[in-house]
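Which chain is which? They are A, B, C and D, in the order written, and residues in each are numbered from 1.
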Amino acid sequence: MEKRVHSIVEELSPTLLKWRRDFHRYAESGWVEFRTASIVASTLQEWGFEVKAGREVIKPEARMGVPSEAFLRQQEQRALSQGAVTEWLPRLSGGFTGVVGILDSGRPGPTVAFRVDMDALDLQESADADHLPAAEGFASVNANMMHACGHDAHTAIGLGLAYVLSRMKGDLRGRVKLIFQPAEEGVRGARSMVEAGVVDDVDLFFACHVGTGVPLGEVVCGADGYLATTKIDVTYRGVASHAGGHPEDGKNALLAAASAVLNLHAISRHSGGNSRINVGVLHAGSGRNIIPNHAAFKLETRGDTSEVNEYILSRAMDVIHGAAAMYGVQAEIDIVGKADSSSPSPELLPYIRAQASKVAGVTSIVDTRNASGSEDATYMMERVKQRGGLASYLVFGTTLAAGHHNEKFDIDERVLGIGVQTLALCALCAGDR
Amino acid sequence: MEKRVHSIVEELSPTLLKWRRDFHRYAESGWVEFRTASIVASTLQEWGFEVKAGREVIKPEARMGVPSEAFLRQQEQRALSQGAVTEWLPRLSGGFTGVVGILDSGRPGPTVAFRVDMDALDLQESADADHLPAAEGFASVNANMMHACGHDAHTAIGLGLAYVLSRMKGDLRGRVKLIFQPAEEGVRGARSMVEAGVVDDVDLFFACHVGTGVPLGEVVCGADGYLATTKIDVTYRGVASHAGGHPEDGKNALLAAASAVLNLHAISRHSGGNSRINVGVLHAGSGRNIIPNHAAFKLETRGDTSEVNEYILSRAMDVIHGAAAMYGVQAEIDIVGKADSSSPSPELLPYIRAQASKVAGVTSIVDTRNASGSEDATYMMERVKQRGGLASYLVFGTTLAAGHHNEKFDIDERVLGIGVQTLALCALCAGDR
Amino acid sequence: MEKRVHSIVEELSPTLLKWRRDFHRYAESGWVEFRTASIVASTLQEWGFEVKAGREVIKPEARMGVPSEAFLRQQEQRALSQGAVTEWLPRLSGGFTGVVGILDSGRPGPTVAFRVDMDALDLQESADADHLPAAEGFASVNANMMHACGHDAHTAIGLGLAYVLSRMKGDLRGRVKLIFQPAEEGVRGARSMVEAGVVDDVDLFFACHVGTGVPLGEVVCGADGYLATTKIDVTYRGVASHAGGHPEDGKNALLAAASAVLNLHAISRHSGGNSRINVGVLHAGSGRNIIPNHAAFKLETRGDTSEVNEYILSRAMDVIHGAAAMYGVQAEIDIVGKADSSSPSPELLPYIRAQASKVAGVTSIVDTRNASGSEDATYMMERVKQRGGLASYLVFGTTLAAGHHNEKFDIDERVLGIGVQTLALCALCAGDR
Amino acid sequence: MEKRVHSIVEELSPTLLKWRRDFHRYAESGWVEFRTASIVASTLQEWGFEVKAGREVIKPEARMGVPSEAFLRQQEQRALSQGAVTEWLPRLSGGFTGVVGILDSGRPGPTVAFRVDMDALDLQESADADHLPAAEGFASVNANMMHACGHDAHTAIGLGLAYVLSRMKGDLRGRVKLIFQPAEEGVRGARSMVEAGVVDDVDLFFACHVGTGVPLGEVVCGADGYLATTKIDVTYRGVASHAGGHPEDGKNALLAAASAVLNLHAISRHSGGNSRINVGVLHAGSGRNIIPNHAAFKLETRGDTSEVNEYILSRAMDVIHGAAAMYGVQAEIDIVGKADSSSPSPELLPYIRAQASKVAGVTSIVDTRNASGSEDATYMMERVKQRGGLASYLVFGTTLAAGHHNEKFDIDERVLGIGVQTLALCALCAGDR
């Protein structure tokens, strides 16, 4: 079977590159992946997948960090002008840019799900000649949006996987679900798909990432150690007053924020694991001689475990409310991102290793590796495991031109074929597990 | 009439000294003036005054800064052993050490009230030979209690005044009320007497103080500018925990207090007048490696006006509660003292000047003078003025051996006669106003 | 003499309006009054004044709050395109927009100086039809710059005064100096003119303001009570680091700033007078998950007296440096504005009253009135008084359409003539004092 | 050989109990172990050990957390009255209560060192009947000092070990050093013995502890994971002033401390391992209406590694000095305790296991176990390892009546014999390694 997979992917190879570079050129950030998602939906449908999209696969109130209505509308217009598939836009409109493609073999067998993410970062891509996407003309044409984390590759791998499976449907048992998720950056999107029930029927779940420091040719079967995290935006609203004339009439939002910030950082360590807290941005006040009536700050909490993160988060809420009470200001708190920690199912690792070992170009396979940072596919993994399924998070190594989130980030595109083959085998052999 | 007053006071002079030195020797601090008050009550009764005491003149729940039950009992025992008048103790028991003596002429006329205070300071008196009370053997025998503010003289003046009026009852019109107040130090006692209605029927009200920087022979008719103030004790109770082993289990009372203290001092200035805030004492925690579960601090607010003080106080409450909420600790807040600002009635000043000018030994009379600090007779003054009466606060100058609240504080006792005569004339001539 | 003055001003009246509206239309903010100053300089020269400008009258290093070189250049270009007088620009270039015109009678007599300010505020003027400047077409054409404090009127009064004196030079004794000051807003400009020696030879000094709540027809001879103030910009520079990966590598500028802000507001009150402190603006950090390496905040201190302000300022410096030391960040502190308190010379008030009383349209004259806020003419007043001269600050009342610093601020232009006449008489009669 | 050891210890058993109970009864806290140390020194000498004591084995300036001179003198007097050995006191006087006994076999072989600690805790022992030492009459007679951590047992084991080795000197090769250390509580004493060179010539080093949650019969060959820690006392000295009258004259030590405390707790986490910081005690100020001129606080830092602890410590110093600078107060910083982290030498564990396995009563032997808290024997371990030796930290399990540092702490004394035998074998067999 791996021969067949290999030959299809070989033949598909130029198309994989074309896809990846097209998504790269029209980079779209979280919740505004209108063009990307519409192309994915349209393509999957063409290949015989049952396609669900928009509110079918995204629970509206479970979305986090959604941009303003005005921005959503403006971005949708732009997507249209850049080749979005018109028929699909109404379902994605308003920031419902998730797509799920289902391929049912009609034969008994497990439901196997794959999740890829589609969003770009808020970053201006380098125009330097030594940056390959710029030199080759596929650098992002969208100002301040760039695929600097490899989600363009993930989307291309997802499409490639769909193509292979549609060609080999006869070899498949059970069902396959391909989940194209929006807004992974800032860990904002996965929860809304989980809450919509997207993984409730899944037996085997695979998420993946390219790069992350792993060399080309190496496959990590189960990345572990993603930190549980919560992203929070806080706005304090007080009352302005002339600082010389009537300072007593003010309710000082800046002082409330300063006090909150200090006390947030003073939240105790937890004996159950490492924790982090950071207020990364603070803006407050309007003029030197005005009691500031406005302060806004952005913070994040992290923990080795979800329990540790919840502890920090819960204490942070006390501090944020308490500081507001001290100064009589109104607090508006938005959870704009959230991810759990989740370990891969140990039972699944040998299976993944077995598939990866059949793939040409794979030179090293490791069972597990400690990830850094956070990732919201953990939401899906936790839900699958809670319901009795197995889940893992694969990493496909590739050479990076510059680190993730750097304006000169770029990948060795040979990883695309490796990713497609490995995942395809994971789907095709699942009936034999 | 002043002749008669003068001659009675002349004759009384040695007794005035004896009283003052006796009270000085058996100094009793706020709410435990058992010996002093019982002697006052007994003496007034003997001279024909109607005497009210204890709960008749003190509203229990309006008292502030009352010591513990154990201390009250222990002090009452000591008073008994030092010559308190046994019959009166039951009514004063439990910290109800206020006395009011009423002398009714039976003739129509105004109700004229005089207020003197009886309590000593928490201070160890000097035993040095150059300190006259020590040299002459009337230094306080009670450890850590000393009349270092002159209230012993005030009590003696009050008794002298009672004696003169009892002797000259035939010259009196209307009624006289002599108010002997406990717990002026820390501004704790006056409110409870006001709330008991003690000054509700008063037409003319006179409080007085000796010293305060005014030279012997000078009388100030209306001291002004007492700052409104509030004294507050705060206790935070959290949860202890081993700081190395399980820091997350603690609720840190010390951090809550540190945050409260900083933000209390950061309370805004007020355009309506000067304000002050001070956290003067803070004790927290039990061991280096324990998350502190206890913190206690003492603060005071002040303002040029009661409005300014109320602003600072109200903001302080927000801060104290907000800081507690930040750390999930329980806050216990006790108002242990309170005084308003109150200006003397301008209409009353010429009358006082007229009486003082008849007194031998008075060499200078000034209408008004800016006081410093706070004084709770202001409560009585405000109540009298609100109900249509007139009120003032007199200062009788005297030479001081050392400043008020100093361990070597002492007065020139010639001020006693001047005080008695001036106040007696204020009472006796009131019917002619 | 007042007849002559009156008739010249009567005749000049339409021109006064034209000047004021022209300056209003081309509003220029502090240190970029290139057009205004060049027109003033050129006009004074035409009328026979000796004119000093630029570095002759402004000490470079004593300027405060000067904009960036780029902004200065760009504004100078704009001034050129809006009718600045080309010959004068080189001397004003780079933010040296002060002008002094000297008229020497050649006869013995005092040196009399008048100071007017020329700068606009950073404020977008209202375009509403009910705003007269907008309705009549002289609203500011310069975005975000508006004469919302009346300095356009001050400049027009200064020119009118120059014109009258040039016409009546034969009646003058001694010398007159007309000081046109830049950058009064933010109290940034006066110090640099004082340091350049501009008022070192002055015997009588007059500054003035229109409006400030005083009704049309009223003249205040000596406004008093300007608060001493200092305006400070602080920048903290630390080290960025990933908040999840290596928080220990960061030096947190935001935390340093939060700590500074809290402790700045906690600076003690001063018994010598009212004080103020306000951190009005704070911006810090670049991203939620980055240890912030940058924080900038704007604060101001104030005091009833220069001593009180210096106390707050000195304590503020300790706090700013101490907070930087706590977090190992670099502190950059810029004093961007400063003014003293200064009282008018009492001896000068009757003289001013005498002149104002001769002016038609003046219906009320008051000796003194408490000002609010701060003003840097106080620097000049203090220097003049230190060197033995007399100084005062006049207010010419006028009806305001909206308060100072409001986007709909406007004046009743009848104040222009009143101002010119009063000041002209102050100059012309000075020889008779 | 183990037979011989067993039989000697069997016979010594009642004496071991006697010693332990005697030391328990006369509990002495850190640096005042005058009685204990003098008895140890005298006994070792009697048994033929070369004995070094006092300044020979303790570097004066490397001691930490030494009590006041007055307390040292008073305690030495008490020790004398409780049976201290007079001849030895002069060398121990002034807080030099360390003793080292050396037994040289005269034969070639390694230098083997054993370290036991002798100090009690500052804790009042329970007098309850259910507390065995109270019931049996050997509870501490010294107020507020109690052997609640088992160091009385350690000292007894050390003496027992000395006795066995003196009896079996003929079987010994190389040299044995028995180190009796003062002031382990608060991690104050070990550094001064290391700095005096006490372990510089040691090839094999063994420290030990009883209890710590390990059951009776179990021996841990190498306890690991002691946290590096530093104990710090901070005193701020400012200037007092009347809070109402002249607040500006004060330098507020309480505010400096509050600011320090908050910012200390806000010190960043470290990616290199767990860290802790705690300000456990704070006392500041003298009166409600006085600007506090004094504040004292006790803190500790901890880290998984010495590097992490040094990071927290270094940042703490910045905060402490910075907060002092903010308020113009003087900071006095005393390092009153310090311990490193140190892992046991892996090569030594099998040797220890071999010896323990020969001891009757040992039912379980584990190689390593994670300790909690901190321990300053790590200083000696690190020095030995740096100079090429091997080191480990043994735990001898025993049943506890109550946890360490509890007022009802007590041990099952059968651990004494197990400890003596294991350590004796470690000494006697070292020549064969």
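Observations on the model:
Here is the rule we use: a residue touches a chain if its C-beta (ideal position, glycine included) is under 8 Å from a C-beta of that chain, and two chains touch if they have at least 3 such contacts.
Just so you know, these numbers come straight off a predicted model, no measurement behind them.
Shared contact partners of chain A and chain D are B, C.
Remark: among chain pairs C-D and A-C, A-C carries the greater number of C-beta contacts. A rotation of 180° superposes the C-alpha trace of chain A on that of chain B, rounded to the nearest 5.
Each chain gets a centre from the mean of its Cα atoms; the one farthest from the centre of chain A is B.
Separation between the centroids of chain C and chain D, computed from CA atoms only, is 69 Å. For the pair chain A and chain C, the distance between C-alpha centroids works out to 54 Å. Chain contacts: chain D has residues 245, 247, 255, 259, 262-263, 265-266, 268-269, 276, 291 touching two or more partner chains. Those residues of chain A that touch chain C in the shared complex are 227, 229, 231, 243-245, 247, 252, 254-255, 257-259, 261-262, 265, 276, 278-292, 295, 298-300, 302, 372-374. Those residues of chain C lying in contact with chain D across their complex are 245-248, 250, 252, 255, 259, 262-263, 266, 268-272, 291, 311, 315, 318-319, 321-328. Against chain C, in their complex, chain B makes its touches with residues 262-263, 265-266, 268-269, 274-276.
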